[in-house]
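There are two complexes below, and they share subunit A, which is joined by subunit B in the first and by subunit C in the second.
Coming up: the complex of A and B.
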């Protein structure tokens, strides 16, 4: 078929114009800006040098990475067990739980942060309850601390983890389990020798999605305390739009480094998945 | 099948963790006073009356709906034909689309906002149109996935061949044969995109800021002024998501039923 395909061109051209305008141009102008001095002058590595020398930004990266790893890990462990438990129930109940997970996965950002303030804020429901019962350690729990933020991060990671892991168990077929048990394997042996290796690539993939999801999160932390948490996304936002402390070039450099972190996480996942698959064969 | 107790416990724990914050917000939105007591001192519909009597809220709601709707509609009109043409006539470009999707994952809201501010603030393009553009890019993964799967399910290639053999032009075949067949799939992707955009805060706050108040930025303002009204907003927002999700589930189910599965 050699005639020019009109349909192809008519539909593709607006698509690529929009993608160029709102994905490529901002990406390039951000990278370009990250190599400029304050006020958008000259070509310099100063912004990157400042980030690498400034303890404050090291801390921001360390905090972001730690909270992302920790919240992904907690959500992952809960989801690994919960998703398996779900598969043991009737189809109807499975569907309902998944719909519920899907629903709550939309409950993130500002509304989520607010719901936790109602629960655990300074005069939150649980805070009052624990105080009334005299549970001092629990009532002094501070939502505006790192553990408070982790609680919120786990909330938005958990439904995602359950939804991503649930189909993975469908791949571990009931027939294999029967075959293994006929050959004398215990349930634990089955999961260690067969279940876990089959699931590992998907588990690693899910983990990297959760990690990226948490690294890019901004709204929840912002809603809780404005710009106080020292997270990379919060710093980027403050440097770019802050009225007094705006340093957009530095913000751009920080955003480029954050993007690189996410790309590296994705490559590690890709590499791990491929390696595990190869080892299995 | 026998089920040990800990399976109930595991599911119960997850459901409880996810449900309790929503429940607390719901109760809080009906409570008159709730500062010192364990249970609210009284129940009222007053916060909802205040909320729906507030013109600012209604305007913000309208803006949110308009913004999410325009971006989704733009995505629908531009992306569906593009993905269709690429899948059928330029399969090599599909790798490129997948690369774009990976890029959107590597560039969450904050990063893309920095780039967009850099590129367009102070230009002639109003920032609110820039936000629509950013939303367009943001929903690409969902639109691609939905359209691609639907096209695969209906064997679009053979359908097009059959239609063209019967004398339909390519465009007629697309609009009269392909679109009706993938309709439920693209409706699901559009509703999903819409509900994600409706909850979006980062981009609209950083790009348009105070100039274009949406439901999310309005909620952020209310967090510090009135907790009860804020919780009423959260409840309304959650209800809307419930409605959208119910429609998505219904459409997906009926599609599966009709598809001969």
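Coming up: the complex of A and C.
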């Protein structure tokens, strides 16, 4: 028994080293740097003070939160219906659709932006096609705008949302549906009174993940709009890689605040869920 | 005309026929049990009655009305599942009130009915508890109350007690039977446990591979099994061929059927005037608490014998023993 435990312990050491190297050390050095003056000149709150006073950074947070909320919401609503539809297929087809969703959810970043540019950019395939057919409203769609950005975000959020929600439907027992119907409930009444409340915690959890996924997205936005769109991740990128001049300490402070936003969002989510599902205390 | 009739029901899954042209009828207020081994089609039949599964052919009538094509929610049928299927996001009260709320019943009436039902199933004090805070037996009582409170025309129970341990199962059997009598509820119970079936039912249908093997009152089924399947499934009948029984009893002329069944407790040590006599060696003695079970071997044939345990009557392995049995306790099978 002792020996096996010892072996187990040894075998998870690489895992701990990995976590330390790629999670804790970067995290702590980021937090540490955020309390340093430019160039690492001693402890100070100056970086945070600057962020709180600078309208430009307020706007970055506002934009990031807006696009994350909006794209998560749209993806969530679509996924609720999409995942349900998937459960109606035979097991075989369900598996195939999930593989497809898995693939597409990993299709993000610069390749995704490029794919969209090829299809919907100023001289994109569909843009030209719509123009040729005289579909003005569609051909005048501007990919490099706010709505273009939302479209791309929704595109990489949707498959993730579907994959996370699909198992949640499996958790809604067929027995509950049958019991409800024998007690006189319609399908809608079942979903409103039992299905939805039962799924709510997982749906809320999925929303948190989507929100974080969007808040942290960088490459697709950067590839599509350069640094013209003011998002927190693009600001952090610019400050650390030094598009104009590098200020890694300020970038670190922004990143810490981004992380805090995610944590706060998670707590709000959790709190709201518990208010609705009193039985989960 | 019976209260519930099931006529010529056929059902297949993936080309495999599960129910073979079944005909059953239940009277109003009757407690009927569908008894059979696992996989014989009991649940399927019950689900067809509830409208949760569609039969390929046949007619279901409840209270004189053809409900074959009526949706489950409009059949006025209550059902309790082995898995309880309580709504996890609702309290005991809310679970029980659910069906009445669906009927848009007045709030005060609902409250009154729910609290009476909670009393009936002995769950007072648990009104505000959530299902996960209850034991299995308590959960099943909530499920029972949830179905009963809507006053369904027929109450269907699919192995409601099978997941519970023996003591709680016995108690709930009593509760179930007394509630059923009090409310005069037409009830159909599905179970694979023959003791349970005997304990609670007015009448039993024994199912075997989608056919009805026998139908009758518990006592009649127990004392008069109609065929080998029932004899083996009910109790621990000795099933003997014509040859075996002739060797055992040494009276060939009497036995014309191919198979005979004899209950182990039908043998006795006292002389019976017009009965059969068997003598043989005692083997494999097993004290089972209040009964003793052993085998008598005679003419190379072994039969199982059971009688009440008597401490003054010491049995010896290989001892020679003579037993008697009534002629009508040697039951010919078809």
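Odds and ends about this structure:
Following the convention adopted for this analysis, the second predicted complex is superposed on the first by the 244 of 281 C-alpha atoms of A that agree within 3 Å, B and C clash if a C-alpha of one lies under 4 Å from a C-alpha of the other, contacts with A are read in each partner's own complex, and residues count from 1 in each chain.
Just so it is clear, a contact is a pair of C-beta atoms (placed from the backbone, for glycine too) under 8 Å apart; a residue touches a chain by one contact, two chains touch by 3 or more.
These numbers were taken from a predicted model, which means no experiment stands behind them.
Three-chain overlay on subunit A, with subunit B and subunit C fitting side by side and no clash. The larger set of touched subunit A residues comes from B, when the choice is between subunit B and subunit C. Of the two partner chains, subunit B is the only one touched by A:116; subunit C is not.
In the superposition on chain A, contact of A:143 is made with neither subunit B nor subunit C. In the superposition on chain A, A:51 makes contact with neither subunit B nor subunit C. Of the two partner chains placed around the shared chain by superposition, subunit B is the only one that A:5 touches, whereas subunit C remains out of contact. Judged by the touch definition given at the top, the superposed model places A:26 against subunit B, while subunit C stays out of reach.
In the superposition on chain A, A:218 makes contact with subunit B only, not with subunit C.
In the overlay built on the shared chain, the residue A:168 is in contact with neither subunit B nor subunit C.
Distance between subunit B and subunit C in the overlay is 11 Å (nearest C-alpha pair, rounded to whole angstrom). Once both structures are placed on chain A, no subunit A residue is touched by subunit B and, in the other complex, by subunit C. In the complex of the two chains, the subunit B residues touching subunit A come out as 1, 3, 6-8, 10-11, 13-15, 17-22, 24-25, 27-28, 34-38, 74, 78-79, 81-82, 84-86, 89-90, 93, 100, 102-120, 130, 133-134, 136-137, 170-171, 174, 195-196, 199-202, 206, 209, 216, 219-220, 223, 227, 230-231, 233-234, 237-238, 241-242, 245, 249. Taken in their complex, subunit C has these residues touching subunit A: 50, 52, 71-75, 77-79, 81, 83, 85-91, 98-99, 102-103, 130, 132, 143, 146-147, 150. Subunit A meets subunit B in the complex at residues 5-8, 10-12, 14-15, 18-19, 21-23, 25-27, 29-30, 33, 78-79, 81-82, 84-86, 88-89, 97, 99-104, 106-112, 114-119, 123, 125, 128-129, 132, 154-155, 158-159, 162, 212, 215-219, 223, 233, 236-237, 240-241, 248, 251-252, 255, 258-259, 262-263, 266.
Chain contact summary for the complex, subunit A toward subunit C: residues 173, 175-176, 178-186, 189, 193-194, 197-198, 277, 279.
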